[in-house]
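Notes follow once the structure below has been shown.
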Amino acid sequence: MIALLLRDLKLAFRAGGGFGLGLAFFLIVTVLVPFSVGPQSSLLSTIAPGVLWLGALLACLLSLDRLLALDWEDGSLDLLATAPLPLEGVVTIKALAHWITTGLPLVLAAPVLGVLLNLPVPGYLWLVISLLIGTPALSVIGTFGAALTVGLKRGGLLLSLLVLPLYVPTLIFGAEVARRGAIGMETQTPLLMLAGITAATVALLPFASAAVLRINLR
Amino acid sequence: MSIATKANALWEYANPRKFLATSERVLPFFWITSAVCLFVGLIWGFFFTPDDYKQGSTVKIIYLHVPAALMAINCWLMMLAASLVWLVRRHHVSALAARAAAPIGIVMTLIALATGAIWGQPMWGTWWAWDPRLTSFLILFLFYLGYVALWEAIEDPDTAADLTSVLCLVGSVFAVLSRYAVNFWNQGLHQGASVMRAGAVTGADTEEKVSNIYFYPLLVCIVGFVLLFVALLLYRTGTEIRARRINALLARERING
Amino acid sequence: MTLTVTDLSIARGGIPVLEGLSFVLKPGRALILRGPNGIGKTTLLRTLAGLQPSLSGRIEGAEDQIAYASHSDGLKPTLTVTENLDFWASVFGTKDIQPALDAFKLNDLSDRHAGNLSAGQKRRLGLARMLVTGRPIWMLDEPTVSLDREAVALFADTVRTHLGQGGSALIATHIDLGLEGEVLDVGANKAKPKPIEDFDGGFL
């Protein structure tokens, strides 16, 4: 299991691994927002938590179609399925590797990009906390979507169509934590809901992902 | 007849041929009764009920809005049940029924959204508001789209049935979750679910209730929509079964070359 | 470990391809799988490897015993030869990859990225993976594709050594590897189309 995690991390950091693409996408989306809504700092600081959450979510989405498709194309998935690892473990590790290479950098970059959008000072802490708690759910849900569409040619667009509705609760509670934090409201309720979603998806969704992957492998 | 044999008798309809034979026999009944119910319910509701003292004649759109919204949700529940039956008992008819239901659900959701927008314009002064109920239906619509798109994308019918069934299961959980999330996110303009509350039926409710004058024609319309849904579902499932059989015949012909 | 297959029927994409297949694969033996293209050899190997369910019949002794090599080798182009093998070794809980490197003469290539290897070299690396799995029953699907004559000889030697150590192998191939073993021609087991009356009840 650890070998699989290390291999996936190594692959991501090697040339052509796609590490940093999500981060660059996040940066560009954030930079484009003031161009589209105008430079008024009051407006920007109001929408900053939501924009940063949406940007992180889209950056996450962007990298999902590589998550299992590469292993599918070169036959590694077949071989992993016949290896003595449970497929539930394989998809969990895949999601974890995706989070470390995509989610975690987004969490770390978000406060920097917050400066560009005039995020109010109390918001930084809550933005980082909400992303830190919420992005694992995005990776796990995304792995489920990737497992559903793994055998399909041009599955990328379908993957987005399937995953985006599943992202709604996470986005709502995550962005709500960041928004409330930024304007100094209490954040406990949405934070608990967000943590609950993450805990439940991490615990349960790998079973669905593995089941779906088994169906796609046959 | 004991419960066990009754259950067995029910599963017999999972046989495609038996299903087709039976559905062809009962279909005319569903078509006719749904047409009668809708005709009576809509005429009664539109022309023989008084205007609301507050909402005027706009209130009468409930005869389309409420039944369509109910069917949009019930259709998804039916797909969920059919998906479970497919995953547990592997009856092809069940999977095909779920597939056949999805486009009906999409249309019902669209009717609910469109009539809601048309009703909302005079009532709230806007075609669209990010009200929890409207938003939930929009999300439901997205779930339907994804479900149909997945069916269309996969060539092998059994694989498609398996994957869409799991998606339906997982999607149901997330749909409920979204409903709560959306409620939390915005408290909303929409009135409560006034039809299904006990108070609405007994007439003991507050002013938000749907009073009896409106309720009886609405009930007829709901029954009409349910019958229409069943008729469309049986008809479309029959079509899916035939399409599946054609593909099977073609595949067999290819093997035998 | 003896692999026993009894009255097996398998399907590809829901369509039955082979039926009534029975054989026994004993330790130390190889079984060469033959039959025309499209008959279902790959499907048979995938079914035995547990990647897809069978329609009917029994497979005994396969659980956690099979190392499977498909048409694609599961190599990562940005990892070196050693890293690729190391990964599969740790997945299967074995440590030593040196015998595998030796057997397929990969020592000189060990620091090369798999993406820079020729097709034949990649294939050798893919076959070397079988050795690091440490599993007794090998299932090989057209293992000699893109191998030169020398590499085919290396491969045949490796299989012979494996059989000598009490392993067994099921190999779908059309060339003569000079191995001791039976030939199983699955052409005779081609699934017959069902009569139309049966067919009406289900779909296929």
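Residue numbering begins at 1 within each chain, and the chains themselves are lettered A, B and C in the order written.
As a working rule, contacts are C-beta pairs under 8 Å (C-beta built on N, C-alpha and C of every residue); 3 or more make two chains touch, one makes a residue touch a chain.
Computed from a predicted model, the values in this text were never measured in an experiment.
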- Item | If a chain touches subunit B and subunit C alike, it appears here | A
- Task: Among all other chains, pick the one whose mean CA position is farthest from the mean CA position of subunit B.
- Result: C
- Of all chains shown, the one whose Cα mean is least distant from the combined Cα mean is A
- Whole-Å separation of chain centres (CA-atom averages), subunit B against subunit C: 49
- Chain centre separation in whole Å, for subunit B relative to subunit A (CA means): 33
- subunit A to subunit C, mean C-alpha position gap in Å, rounds to 37
- Message: At least two partner chains per residue is the criterion; list those residues in subunit A.
- Response: 218
- Residue list for subunit C, restricted to those that touch at least two other chains: none
- Complex contacts: residues of subunit A adjacent to subunit B: 144, 148-149, 151-152, 155, 158, 161-162, 164-166, 168-169, 172-173, 176, 189-190, 193, 197, 205, 208, 211-212, 215-216, 218
- Query: For subunit B, which residues are in contact with subunit C within the complex?
  - Reply: 15-17, 92, 155-158, 244-245, 248, 251-252, 255-256
- Show which residues of subunit A lie in contact with subunit C when the two form their complex. 2-4, 7, 10-11, 14-17, 71, 73-76, 78-85, 217-218
- Within the complex, which stretch of subunit B touches subunit A? 139, 142-143, 145-146, 149-150, 153-154, 159, 162-163, 166-167, 169-171, 174-175, 177-178, 180-182, 184-185
- Inside the complex, what are the residues of subunit C that reach subunit B? 13-15, 193, 199-204
